[in-house]
Amino acid sequence: MDAPAISAHGLGHAYGDFVALHHLDLEVPPGRIGLVGANGAGKTTLIRILLGILTPTVGNVAVLGVDPEEDLIQVRNRVGYMPEDDCLPLDQSAADFVAYAAELAGIPTRESRQRASDILTMVGLHEERFRYLGDFSTGMKQRAMLAQAIVHDPEIVFLDEPTAGLDPAGREEMLELIGRLGGFGINVLVSSHVLPDIERTCDWVVMLDGGQVLRNGPISGLTDTGLVEIELIDDPALIAEELTRRGATVELQGNSIILASNNVDPFLLARDVLADSGATLRRMGPRSTTLEDIFLGEVPHD
Amino acid sequence: MTVASPAFAANPSVEVDDVSKWFGQKVAVSGVSCSFGPGLTGLLGPNGAGKTTLLRMLTGLILPSQGAVLIKGQPPRTNVARYREIGFVPEESALYTNLTGQEYVAYAARLSGISNPDQVARRAIDIVELGDASDRAVGGYSKGMRQRAKVAAALVHDPEILVLDEPLNGTDPVQRAHLITLFQELASRGNTVIVSSHVLQEVERMTDRVIAIVDGKLAAAGDISAIRRAMSDIPYRVAVDCDRPRQLGAALLGNDAVNSVSVEDGRIHVETSDLAGLGKVIAGLSRDLDTRLSRFSPEDESLESVFRYLVGRR
Amino acid sequence: MTEQTGAVFDLGYKPYEGTRLGRSGAIRAIIKDGMRRVMGLRRKARKKVYPWTLVVLLALPAIVFVGLAFFLSTFSPEADSPFGGHSEYLGLSGAIVMLFVALAAPELLISDREQGVLSVYSSRPITAWDYIAARAGALFAVVATFVLAPNILMYFGFAALDSEGMASALVGNLDDLGKVLLTTIAYIVGYGAPALLIATYAKRTGPAAGIYLAIMFGSAGFAEAFQNVSFAGARFGTLLSFLQHPEVIRNWVFDQAQTGAPIEAGFDPWASLLVIVAVAVLTTVLMYRRYRVEL
């Protein structure tokens, strides 16, 4: 299936006078996609347009090749959604509601109950699934919300701030679950303010600012620098000197050496200098900028 | 109570002395002793582990069942003036939604008996960069804006001690970076800043000193890498990338510094109790095998890994 | 020696490759969920008390009556039944229908809206229309069942007791069933539509039910007040007697003496029909406008 996961052409949307999205052109291939942007940058508006809840003022979008304005039912047949705010009826049990969520996608009753049971186990809700959702803790609710988003085996699922309110263990488990979705053949769009989470779970990023696209591309393409970062246990000065002597460009940042080389592979150079000197290596690897660096560098603020 | 222990700060402004708190049968906090001083300290713990209860005792909202909390030498509840010393940003939204931002912060100022509340409020609002929205009702604010309003209200009486419970909830990356810088600035000016957050990567960026509460008890305290070193019974895991992983892996296994080696998806994972020893030989081994070493990175030194070990140890 | 075999089966994620019933399956699911929600099924016990008490109140007289009649040898329906026939029974049911929809409509609409469940619906193959129709449909189906069933029981009961034999009574009184059906529809739409309308905008169940009941009960008195005022067009105020319009339809269908403010103000029963339809249309339009934005 080669249709882009998401595409937009000349997309614009305004709420009265306020322009939330301004002439967006996007093509995003299938896979694990991160959506980042400041509050008010248009992320929620974009998701609501993709789901067909909002009709764009101008332009159009397509989800997996289908425009929700043309065939809303087809789009909604293939998506799952885990919103940022709660979406659970507090007077029903988790097992009951997740089965209902499957039936809502057209899955017959008996199969729905089976699917719900399997998915609830997968997200880590066991005996507690028979309790009312109103009695659930935040972590349990997030799991139930993820369950309803994938119980009907969608082709693409939109996750809005999936780790909000979770403690470190909960965050870890949620991120791990999200990471596995790709392996199940489910495309993922994660909208999050926690950029390290996006770095961990996504391969592609769409950055929005002020209703426009700032960046749209693979994360590695954005973050690779071609530089090497080396951290030693001892004083780096001598090693830095030797590297420079052998023709590399070296920058010292605290205890770290940032290394670039045009004529020789910097990794081989580093290896040789370290082996010759007998210095104790603490850490070495390709230096990446973080999504945060990119984001803060691009977004104007005082 | 020895000053040398990392659970205790030099020149403490907040002291926790053998504090316990129980609610009926449930023991929320059990025998915690630590202190906080100038600078930024991260307070960590799983949900339901007593961290929130401890925070509420620090700010005087509830009393310990046993033991004492001292703010600059005095228990917070006995002396109303003590409240002047503390600013608290709670996790729940404690806002009057029909007030504007400016009105809300000015109200907080008035509650502290400040004589020129509007002016002081405006200043606090500027510090958190909420100026543009300060004339709108708080009810219409996004989560990030509400957080900033709460921080402004906590800062308005210029307290020496600032306690913040999940202050970055709902803030976007720009606002996060800005607030983190703000907290660090306040800390460097000598304020005692205590931040509780679940996003451990950010806590790591903000500070080196953390206090971890697990199951109501003090599980760890002090500098993050020192805590990791103190967990000497848990070997380090190091990820190694090269173009001949099996050969390098085999060679590593032959070295005394290495406990075990595994190869997964072309990446070598080394377990070692002697991280320095491994760091000394890795470059040489790579060269001997004529392999291109492209990564050597300890995988479990992050606060997240340390925290996972702490929680897993029960 | 036989070969030993063994296998390990994958417990991981399995894609769903079975039947998908699409939009119609989804709509059916929403209706079933609505019916359960209204009767408090699969929910805490206390949610069952109110609806089931009303259902029992609605059905019990008919059951008891028919049962008793079988014990009395000399018995003639219409003449001997303590509350007359279908028409009277429907009249009594009216109040119970109103009490029922007062709480049922909010239960159907409010929690989905206020607890954010509409987000789930917006990622399923249905439109706002489907949702509204399914929820309203569930309400009407449940109320219709509980109003019609006792009447059908009575119908068969009367027929069995009829002096001229059951078969001829069943056939001869068929138009009674038609009248019951029409009247039931008038009550359901006349009382149900305003309840759905209020539940579309209210934020909490208790106030929604309270406001609905206050308006409905109050409307009769309010309308009667208009009768005593004498400015031009005052009589149109009696059309606000939402409580009484279904009763007007009932008297009209069963060809009985008419009562109620609109009649006394000189309006034809057609006017009551018109008002019921107008309120239903208004409810539909406003519900669609509200839900189109969120679904």
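Per-chain residue numbering starts at 1, and chain names A, B and C are given in the order in which the chains are listed.
In this text, contacts are C-beta pairs under 8 Å (C-beta built on N, C-alpha and C of every residue); 3 or more make two chains touch, one makes a residue touch a chain.
Remember, predicted model here, so these are calculated numbers, not experimental data.
Nearest to the common centre of all protein CA atoms is the CA centroid of chain A.
Comparing mean CA positions across the assembly, the chain most remote from chain C is B. Averaged C-alpha coordinates put the centre of chain A at 24 Å from the centre of chain B. A separation of 57 Å divides the Cα centre of chain B from that of chain C. For the pair chain A and chain C, the distance between mean C-alpha positions equals 47 Å. On the side of chain A, the complex with chain B involves touching residues 36-41, 137-139, 164-172, 193-196, 233, 265, 267-268, 270-272, 274-275, 278-286, 292, 295-296, 299, 301-302.
Those residues of chain A lying in contact with chain C across their complex are 51-53, 72-74, 76-77, 79-81, 83, 85-93, 96, 100-101, 103-108, 111, 115, 118, 122, 132, 148-149, 152-154, 158, 180, 183-185. Within the complex, the chain C residues that touch chain A are 13-16, 18-26, 29-30, 33, 42-44, 47, 111-112, 115-127, 293-295. Residues of chain B that touch chain A in their complex: 44-48, 129, 142-145, 169-178, 198-201, 241, 276, 279-280, 282-284, 286-287, 292-298, 304, 307-308, 311.
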